[in-house]
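Take a look at the following structure, please.
Labels A, B, C, D and E are assigned to the chains in the order they are written; within every chain, residues are numbered from 1.
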Amino acid sequence: MEFTGLFFYLVSLLILGGIYALLCLALNIQWGMGGLFNAGIAGFFGVGAYTSAILTTAASGKHLGGFSMPVPIGLVGAAVVAGLTGWAVAKICVRLKSDYLAMASIGIAEILRLVIVNESWLTNGSLGMSRIPRPLADLTTGRMADVVFLGFVWLIVLLVFLASSRLYDSPWGRSLRAIRDNEASASAAGKDVEKFRIQTFVIGCAVMGIAGGLSAHYFRFLSPTATDPLLVTFLVWVMLMAGGSGNNKGAILGALAIWTIWSATEIFTNRLPPEWATRSSFIRMLLVGLLLQVVLQRFRSGLIPEKSPPVRFEEEEPERLKH
Amino acid sequence: MTEQLCVKGLTAGYGGPPIIEDISLSVEPGEIAVVLGPNGAGKSTLLKTIFALTTVSAGSILLGERELTGCRTSVLVPLGVSAVPQSKNIFPSMTVDENLDVGTYAAPPPDKDATREKVLSLFPDLKGKLNQPAGELSGGQRQMVAMGRALMSEPKLVLLDEPTAGLSPAYLERIFDLLLDIRQTGITILMVEQNARQALQIADHGHILVNGRNHASGTGKELLADEDIRRLFLGGTAA
Amino acid sequence: MIELEKICVDFGGLRAVDHASFKIDAGLITGLIGPNGAGKTTVFNVIAGAVKPSSGRVLLNGRDITKLKPYQRAQAGMARTFQIPHEFTRLSVLENLMASASAPEGENVLNVVFRRGRYSAEEREIYDTARETVRLLELDHVIDEKAGNLSGGQKKLVELGRALMRKPEIILLDEIGAGINRTLLAKLADKILMLNKERGLTFCLIEHDLDYVSKLCDHVLVMAQGSLLTQGSVETVRRDERVIEAYFGGGKYEAHS
Amino acid sequence: MSEFVNFYLFPALTIGSIYALGAVGISMIFGILRFAHFAHGDLMTVGTYGVLAAAALMPVNPLLLIPFGMALTIFSALFVDRFFYRPLRALPTIYTVIASFGIALVFRSLIQLIWGAENQIFSTGVRPPLVLFDTFRVSVLHLQAIVATAIIAVLLHFFLTATKTGRSMRAVADDPELAEVSGLDTAKVVRWTWIIGAALAAVAGTFAALNTSAHPNLGWNLLLPMFAAAILGGIGKPMGAMAGGFIIGMAEELSSYHWIGDSALISPSYKTAVAFVIMIVLLIFRPQGLFKGRLL
Amino acid sequence: DETKIGVLMDITGPIANFIPPLQNAANLAVKHVNDQGGLLGGKAVAVYGDTTGTSQGAVDAAQKLVNIENVPIIMGSLMSGTTIAAAEAAIIPAGVTQISPTATSPAMTDLQDNGLVFRIVPSDNYQGEILAKMVLEEGIDKVAVTYVNNDYGVGIGQTFMEAYKQAGGEIVAEAKHEEKKDSYRSELASLAKGDAQALVVIAYAGDSGGKIVRQSIEGGLFNNFIGTDGLRDELLIKNVGADALKTSFFSSPTSPAENPAQKTLHDAYNAEYGEGADKAFVDQTYDATFLTLLAVEKAGSTDRSKMAAALREVAMAPGEKIGPGEWAKAIALIKEGKDIDYDGASGTAEFDENGDVGGYIGKFVVDGDGYKQVAIVE
């Protein structure tokens, strides 16, 4: 394991970690703040991925495309289309209570997946789309291109983090958490519950779409396997719970920690004695399953637990705090 | 048959700092004791602690000779203890009839139908609503269902958390009459009340809790007569 | 101020409110009393929009609001409390109050992300009002406690505080007295009277404690079995035979012995 | 007509039976423990492999060996509940949901470690169907599955309505804290929930495997439609879940029948979507499920 | 002293049930090397990466192979989707050579891979076209077609149908189907509507393919089946019995008729593992793994930049023929500086400029509890 190898592994870990961090931030907006149990992350991720891929690829004749737009426009498109999909879903489903929304969103993600697989005029179906460009592709080649992409990904993570922190600390976020706790009394307090929920859902879905778009540009190839619910939906939930839902820093940290566990366990299981080698992947899955239990039982409120955002003005008037 | 309830030096809470500290009181068999105090004083916590729903860090609870500390509620109910919590005291999606029935699962009364008749005659309003889900009842009707459920097991010790909250004056009177009646049969009653003046009129003893500690206690009459107590806890001097 | 016109509410086969028509006048404190299950809470729910009447109209200041959603009615100046407390369980007491205030600037997503200056003045005012309300309700020592962990009575107080935070024209109070310590309740009564007299706030309250009603209310509506039995001053209804029969018992346990 | 019966109705009823038996457990766990048990599909797989292991030792009809599968699933479920779910019970249920997801991985990887990832077949060769009235060709296995499900439904109904534990279940589902206060032995109720859910999962898994073949992803692949079935039937309503299972199974299969004209009503590629569309429509218009379950 | 090569497989995930015999095949190649003198004078070690059957997993596993394990060459993976994602995002940028045993997607052909990505199966286009020819030659000109809705099924299925129609055949019914369902009877009922002479099943025996065959027979819908390499699996025979498949035939990439390599490999495989040499993709996996090892030996070091060229040299004519298991012979020749040409069980591995192979498609029928090759089409 030489140093440059390790370096580039870290780069790749952080790229996917960054994409997961975006998904976690998005889910944190929906669940941590809004209490919306979205179990269809993979669907919105997929919509974003395909949108960005369709917008940025050259004509291929096998699927809709040939727009050859720059990557940032593709990502904006991903956010818009995923957001619109989220809006349509929210319009129908947002009134559902937590676990029911979860089921509905799993169903919707599954339907979106079927559309992606079956409508080959749009997506080239299971054969997938290739030659998806990377942003800033002219700057470097080979593995160094990953470093550039890493910067690109984390710039977006940073922007989303700042925006969602602002959302979290704001009266908007407070009302959202109030709605999450008790809908009837929130609407008795003049909050348009449906509007808040739709806003939250759409914002979250748009960010999920961006994450999807980024993954398409990273893989440079997109097929329906990229939207596998195991790796996209469930793993993101695990990350958020481990990091501490309701906390943006926790969401990012959870994404990195769990993705590292997920990825790095293979390095260790690969070092098992040879008679175990063919089974190492199952041992790895077992380990991941058990580690998850440890995380849940030992770090149950997350690496960084939810805490109420500071009420502003307190610093200005310390004497008011004395009660 | 019935036994004395004796609480000694009880300290308990919900995992964090203790909510009640060093509480002592005892209720003789066939007596009505009422616990009073400001909101958040720890009255409900005391009842919950006796009913094994909190974490006890010191002290003991005795029913007669029997140590109740550490017993699970599923053990307490068959021993003849039953309780009505302050809130969330009905099964909302079960019908009124089923709610009453649940009261008999853990400690079946000798004659279930007779007990049920008796309970329904206490709360005639419920008769027309036996097949309605309890979650659809009015506030006062829920209170009746909750009381009814607790009485279905023919308990020996009843813990009541604000049984008359939300009940109309007529019902308040009926409940207090009922409590006096069942005291006659030797049942021990420990209740929390905010309708304090009325409660003290029927109570044998009153205990006032403040900030989780014993503040004062005495017979109902003594407490009613005490000027400070009237001012601080019973809503000032008579209007 | 509020007018109900021939309101009926049906739950399945049960008619909970039966052609109820009455007025709640502006600037007064109106009491709504009646036996358990008379339909009082349901009437509140109809006024606040939480329950749709099967027939009849609700007017607010002469305007038909029957079709409006609860939040729209709240925005139109109505505040209510719930008989069974509906606190925001995971928010602190202070946040419960602040979240109940109306914050049009701070609840705008674009302001929040891009123009934070726009809502700071509004937010500061909300904060000050919330602290004041906490003091009034004697909840200072639990101000940062999650509301879900409060005692039954404290939750009721938060319920009242949240209604006050709305700065409404009319407040509907559903049995705030139940479970509240009498000494504190008396203080709250003073506050209600003060708000009524000084700010001209209209109140309508459901209450079972008649002394309390008589201390506060200018006018009393009596409901029984879903319809209005009678109305008038406290003294008149107290003497009404039908009210005594339907509502009072023998008066054995006087609150003010 | 015979085409409809042979290729649509009976297969649909069989799939429906499998979904129904699986959904009962999901619904009961959802109702009483209040979480979506993502490991339920894999519990089915565990049961299947239990039967498979017994079949390797005893060459009899695998159906007779189902009790071994049940024993294994019941043990696994109780073990997992005790050590992985119970410690999280005081927390918001989402933690348990996530835990169950991890347990699903554990079950699956253990099966793969012990039995390998390949498909395992109970019996070789084509089983000739029963031919009734010369036109109806019905697989014996399908009849067995449907009849078994019907018998189980009757027994379950009896358990839920006539035994104290069964009746306590509803109270615990409604409000576990109050049930505790009422002196009900909630621990026992929880235990029975697992026992029934796990036992039926073993039956469902075995039928599914007999119908095709056993493989480690068997149950996981069935999980989503079973959830749909549980919701359809109303959460916390085991009998509703049974009905829901049948409805989902039938809807999936019958949606591609040529009801109108000559071509399939819905392209079979989208037949999985049918279950979800039904579920979503139902959630929106009748969130309590067809049979009025507990609203969350 | 060890030399590592990477083996990327979709070990967990949707095609998990195919993998165990393929892992055996890869391990067998490594074992042959180590038993016969080792790699670069030391021990050869296969380091596995699990793609989990997803793009994310594939890229992650490939990154670990190229960066942490530092392998110069990678064998794998199996699904086209994971193969391409891993190649694009991890393997090509790191300058590592990759050879897939089974990725059949046409998209592999035009990857911008700097000549680093190879495969030893013909593209779907090829097998689809040959299959069409084979079916018509059999005198069957009306078929129903069903193919699984993934990269494998869609790829072969669509080229088959196009070629078949062009050559005069008639497709009386077609149905794309989803994997992992329990019942395909409703699809089958509509496929059986026409008067097709046979059902073409392009799917895996371990999943939908096996179920479709079984349910067709049980339902009395079809008795003649035409399958591809995915279906040509002993599991199918185990599942429905040899009798039921008497009139069916299967296409599969193979080697020239008189190539004894396949038998050599199968004997060696069964000697080692007891059974399973006949499972789908065993030949290709062994060959691809053996080729990666030969390439490393040929390059004489683990220098990544030399691998692609070395691979071409050892795989392609001219040169002395090397077959499965003949490692000792191979290294001897390499030491002498002689050119070698590996011809494997699955074909001759003659790469074109895109790293693709033409290859041969064999026609197989059931024979006892295995398959017998009865014809070969080039």
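Note that a residue touches a chain if its C-beta (ideal position, glycine included) is under 8 Å from a C-beta of that chain, and two chains touch if they have at least 3 such contacts.
To keep track of the chains, here are their UniProt names: A, D = Branched-chain amino acid ABC transporter permease; B, C = ABC transporter ATP-binding protein.
On a predicted model such as this, the values are computed, not experimentally measured, just so you know.
Asker: Which one of the chains is farthest from subunit B, going by Cα centres?
Answerer: Relative to subunit B, the chain with the farthest C-alpha centre is E.
Asker: How far is the middle of subunit C from the middle of subunit D, if each middle is the mean of its Cα atoms, in Å?
Answerer: Subunit C and subunit D have C-alpha centres separated by 48 Å.
Asker: For subunit A versus subunit E, what separation do you get between their C-alpha means, in angstrom?
Answerer: 35
Asker: Distance from the CA centroid of subunit B to that of subunit C, rounded to the nearest Å?
Answerer: Those two chain centres are 28 Å apart.
Asker: Centre to centre, by mean C-alpha position, how many angstrom separate subunit A and subunit C?
Answerer: For subunit A versus subunit C, the centre distance works out to 43 Å.
Asker: Considering subunit D alone, which of its residues make contact with at least two other chains?
Answerer: 109, 112, 117, 267, 269, 272, 295
Asker: If you look at subunit E, which of its residues touch at least two other chains?
Answerer: Only 11-12, 20, 149, 176, 178 qualify.
Asker: Would you pick out the residues of subunit C that each touch at least 2 other chains?
Answerer: Nothing qualifies.
Asker: Between which chains does touch occur?
Answerer: Chains touch in the following pairs: A-C, A-D, A-E, B-C, B-D, D-E.
Asker: Show me the residue ranges of subunit E that touch subunit A in the complex, using the header's touch definition.
Answerer: Going by the criterion above, the answer is residues 11-13, 20, 23-24, 27, 46-50, 52-57, 59-61, 63-64, 66-70, 79-82, 84-85, 88-90, 93-95, 105-107, 110-112, 149-151, 153-155, 176, 178.
Asker: Which of the residues in subunit B end up touching subunit C in this complex?
Answerer: 14, 37-45, 86-87, 125, 132, 136-141, 143-144, 161-162, 165-174, 176-177, 194-198, 201-202, 224, 231-236, 238-239
Asker: Would you pull the subunit A residues touching subunit E in the complex into a rising list?
Answerer: Answer in residue numbers: 1-2, 5-9, 12-13, 16, 114, 117-118, 120, 125-128, 130-131, 141-143, 145-146, 215, 218-226, 228, 230-232, 262-263, 266-267, 270, 277-278, 280-282, 284-285.
Asker: Could you list, by residue number, the parts of subunit A that touch subunit C in their complex?
Answerer: 163, 166-167, 170-175, 177-178, 180-182, 184-193, 196, 199, 203, 308, 311-313, 320, 323
Asker: Could you list, by residue number, the parts of subunit A that touch subunit D in their complex?
Answerer: 31, 37, 92-93, 95-100, 102-104, 106-108, 110-111, 114, 117-118, 234, 237-238, 241, 245, 279, 282-286, 288-290, 292-293, 296-297, 300
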